[in-house]
Amino acid sequence: MTNVNAPLITLARKLAPLADRVVIKATDEAEQRRGGLFIPDTAKEKPQQGEIIAAGPGKFDEKGGQRIPMDVKVGDKVLYGKYSGTEVTIDGEPYLILRESDVLAIVG
Amino acid sequence: MTNVNAPLITLARKLAPLADRVVIKATDEAEQRRGGLFIPDTAKEKPQQGEIIAAGPGKFDEKGGQRIPMDVKVGDKVLYGKYSGTEVTIDGEPYLILRESDVLAIVG
Amino acid sequence: MTNVNAPLITLARKLAPLADRVVIKATDEAEQRRGGLFIPDTAKEKPQQGEIIAAGPGKFDEKGGQRIPMDVKVGDKVLYGKYSGTEVTIDGEPYLILRESDVLAIVG
Amino acid sequence: MTNVNAPLITLARKLAPLADRVVIKATDEAEQRRGGLFIPDTAKEKPQQGEIIAAGPGKFDEKGGQRIPMDVKVGDKVLYGKYSGTEVTIDGEPYLILRESDVLAIVG
Amino acid sequence: MTNVNAPLITLARKLAPLADRVVIKATDEAEQRRGGLFIPDTAKEKPQQGEIIAAGPGKFDEKGGQRIPMDVKVGDKVLYGKYSGTEVTIDGEPYLILRESDVLAIVG
Amino acid sequence: MTNVNAPLITLARKLAPLADRVVIKATDEAEQRRGGLFIPDTAKEKPQQGEIIAAGPGKFDEKGGQRIPMDVKVGDKVLYGKYSGTEVTIDGEPYLILRESDVLAIVG
Amino acid sequence: MTNVNAPLITLARKLAPLADRVVIKATDEAEQRRGGLFIPDTAKEKPQQGEIIAAGPGKFDEKGGQRIPMDVKVGDKVLYGKYSGTEVTIDGEPYLILRESDVLAIVG
C-alpha cells in the first residue's frame, strides 16, 4: 500500500455499500494502456477499468437466511459496464456505486 | 442525541413503514458538502443523502415463514436514489418513504 | 368504539377481501391535517391517509401450503398510494379495495 | 336453493373451469343496489358483482405436487374486475370465465 | 368411439405434443350451438370449442425431478382462447397445438 | 440407418449443443406432404418439420444440482417454430440451433 | 499447445471473468471455412465461431450455497451469438466477454 492509495482507504471507511453493491474508482486511460488491456474506441459497448474501493456484504437469498457470497473484494482491479451505476464525488474525487453483476471480470 | 433530532424521534413513533420500507429525512446540500461527500451536478443519475428516521421490519420471504433482515437502521446516514419513493410532510417537514433496495450505501 | 365507527363494522361483515387485499376508508383532508401528517400538493406521487376497514387472510405462498401473514389489521390508520386499487360505494360511502403491498406505512 | 338457481346448477355440471379459474354470472344493477353495495359511475376502475357458478380445483404449485387452495366456492357472491376474463353464452345466458386472482372480495 | 373419430385416433399416434402442449380439433359452430353453449359475436375475447386429440406428458417442474400433472386428457371437449397456439394440417384437416394454460374449461 | 443419414451422424459429432439446445435439419416440403402432415400457407404462425441431429444434455435446474431431462433425442422427427433459433451451414448444408422449448411436438 | 496459443494463455491469467462469463477469441473466417462449418451470409441471426480463452467459476444458485457448473472450458471451440457481449482489446488483440448462455454449441 502506497501513499497514493491512502485516500481510497479513507473512503472505504466512509461509504459502506449495501447488499451486492461495490464502490469503484475508475482507472485513467493512460494507466489502462500501460497494463496492456484497453477498450477500443470502436467497441459497441465500452467497458471501463477501475479498482474496487468498497464492497457490500452480498445480498440475501430469497429466504433471507443467508447472503450470496461476493466474488470481488477491495483492491481488485476490474472491468465493468461504463454506463452502469450511480456517480458520487467524495473529497473532490469521482466514484461509481454499482452492483456486482455489472462487473465483468477481474484484471489480474 | 441532540435537540435537533427530537422531532425525528417523534416521527419515528408516528410512522411505521411496512415490510422493507424506510422513512428518510433528506440532508440539505450545505451539510452534505461539510461531510466531504456530495453528488456532482453533472452526474447522470443523482443520488441524495439523508438519515433513516424509521425502518420497517423487513419483507417476508416467498414462503411467508420469515422476514428478510434489514441492512439499515434508524439513525443511519445513507445515499439513496433521489427520484425514488413517496413524499410526505409531517409537522411541516418533508420526508420520503422508500424501499431498502433504493438505498445505495451507508455513509459512515 | 364510538357510534361513528358503527357503519364501518357493518361493512367489514359485508365485504371480505380475498388473499392480501384490504378495504380502506379514506381520511378526509381536514382530519389528516389535525394529525400533523399530510401530503404536500407539490408531491410527485401523492399518498393518501385512511383506515383499514377489512383485511384479507393473506395470500398463499408459492407452494400453497401456508399464507403469508398480513402486517395490517382492521382499525389501522395507514398511508397508501392514492391511485392504487378499486373504488366501491357501500351504503352511499366510498371505499377502496387494494393489496397490502400498496400500503406504505401505519400511522401510529 | 330456489327455482331461480336451477339453470346455474345445470351449468356448473356443463362447464368445469381448469386450474384457478371460476365461472361467474353477473348480478344485474338493480339487484346490486338493493344489497346496498354498488359501484359509482365515476369510479376509475369499475368492479362488478356476480355469483360463482363453477370453480376450478386450484392451480398446481411450482413443483406440481399439490394444488394451491381456492378461496372462493360455488354460490359465493363476489366483486371482480369488470373487464377481466372471457365471455361465454350458455343456453342464452351470458357468463364470464376468469382467474380467482381477478376476484377482489366476497360480499357476505 | 364412432367411425367419425377414427382419423383423430390416427392423428394422436402421429403427433406427440411436448411438455404441457395439447393438439385440438376445433368444433364447428353448428355443433357448438346444438350443445347449448356458444360464444356471442359481441364477446370481447372470443373463446373456441374443440376436442383434445393428443396431450403432452406435462412440463417438468423447476427442479426437473417431476412433471406437473395435466388436467386435460384425450377426448375432453374444451373451451380455449381462439387466437392461441399454432395451426397444422394433417391429412387435409386443420388442428391447433397449444399449451394447457390456454385451455379455459372442460365442457362436460 | 441409410447412407442418406451419414453426413448427419458426422455432424452430430461435430456440433454439441449446450444446455437445452438442439440442432435440427429441416425436412423439405415435398417430403413433409408425403407424411400427410403439413402446414397450411394460410397459417398465422407457421411451424416447420425437421429431424433432431444433435441434442444438448438439458439445462441445469435453479440449484445447479441436476439437469432437467430432455424430451427429444437424436433421430426424432419434430414440429418447431419456423422463425425460432439460429441458422448455421455445415459442409454446405443448412441447420438450425434452437431450444427444446421451441419444439412443439414429435411426429411419430 | 503451440507458440500461436501462447499469448492466449497469458491473457487467461490476466482476465478472470466473473460468475458465468467467458472470454472468447473470435476465429477468422478463413479458418472457420477450413473446419467445414460456417455461417451463411443470408442467415437471419448470424452466430460466430471462437475459442474459450478464460471461463468464470459459474454463477451462484438462488440460495448462494453452490455454483451452477459451467458447460464450457478453456480451449473449447464454440459457436456464439455474434452481437452478444462486450469487446475488449488486450495487447492489441480483440476479445469478447459474454455469458455462457450466449454460447450455442461446442464445435468438436
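First chain written, first letter: the chains are A, B, C, D, E, F and G, and each begins at residue 1.
Methods note: a contact is a pair of C-beta atoms (placed from the backbone, for glycine too) under 8 Å apart; a residue touches a chain by one contact, two chains touch by 3 or more.
Heads up on the chains, UniProt names are A, B, C, D, E, F, G = Co-chaperonin GroES.
Note that the structure is predicted; figures quoted are calculated from it, not measured.
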Both-way neighbours, i.e. chains that touch chain G and touch chain B
A
Chain F and chain B - chains in contact with each:
none
How many angstrom between the C-alpha centroids of chain E and chain C?
43
Averaged-CA centre spacing for the pair chain G and chain C, given as whole angstrom
54
Taking each chain's centre as the mean of its CA atoms, chain B sits from chain C at a distance in Å of 24
Specify, in ascending order, the residues of chain G that touch 2 or more different other chains.
62-63
Beginning with chain A and moving on to chain G, name the chains as they sit around the ring.
A, G, F, E, D, C, B
Given the complex with chain E, which residues does chain F contribute to the contact?
36-40, 43-45, 47, 58, 61-63, 66-69, 71-72, 79, 81, 100-101, 103-108
List of chain G residues in touch with chain A within their complex
13-19, 21, 23, 54, 56-57, 60, 62-65, 83, 85-91, 94, 97
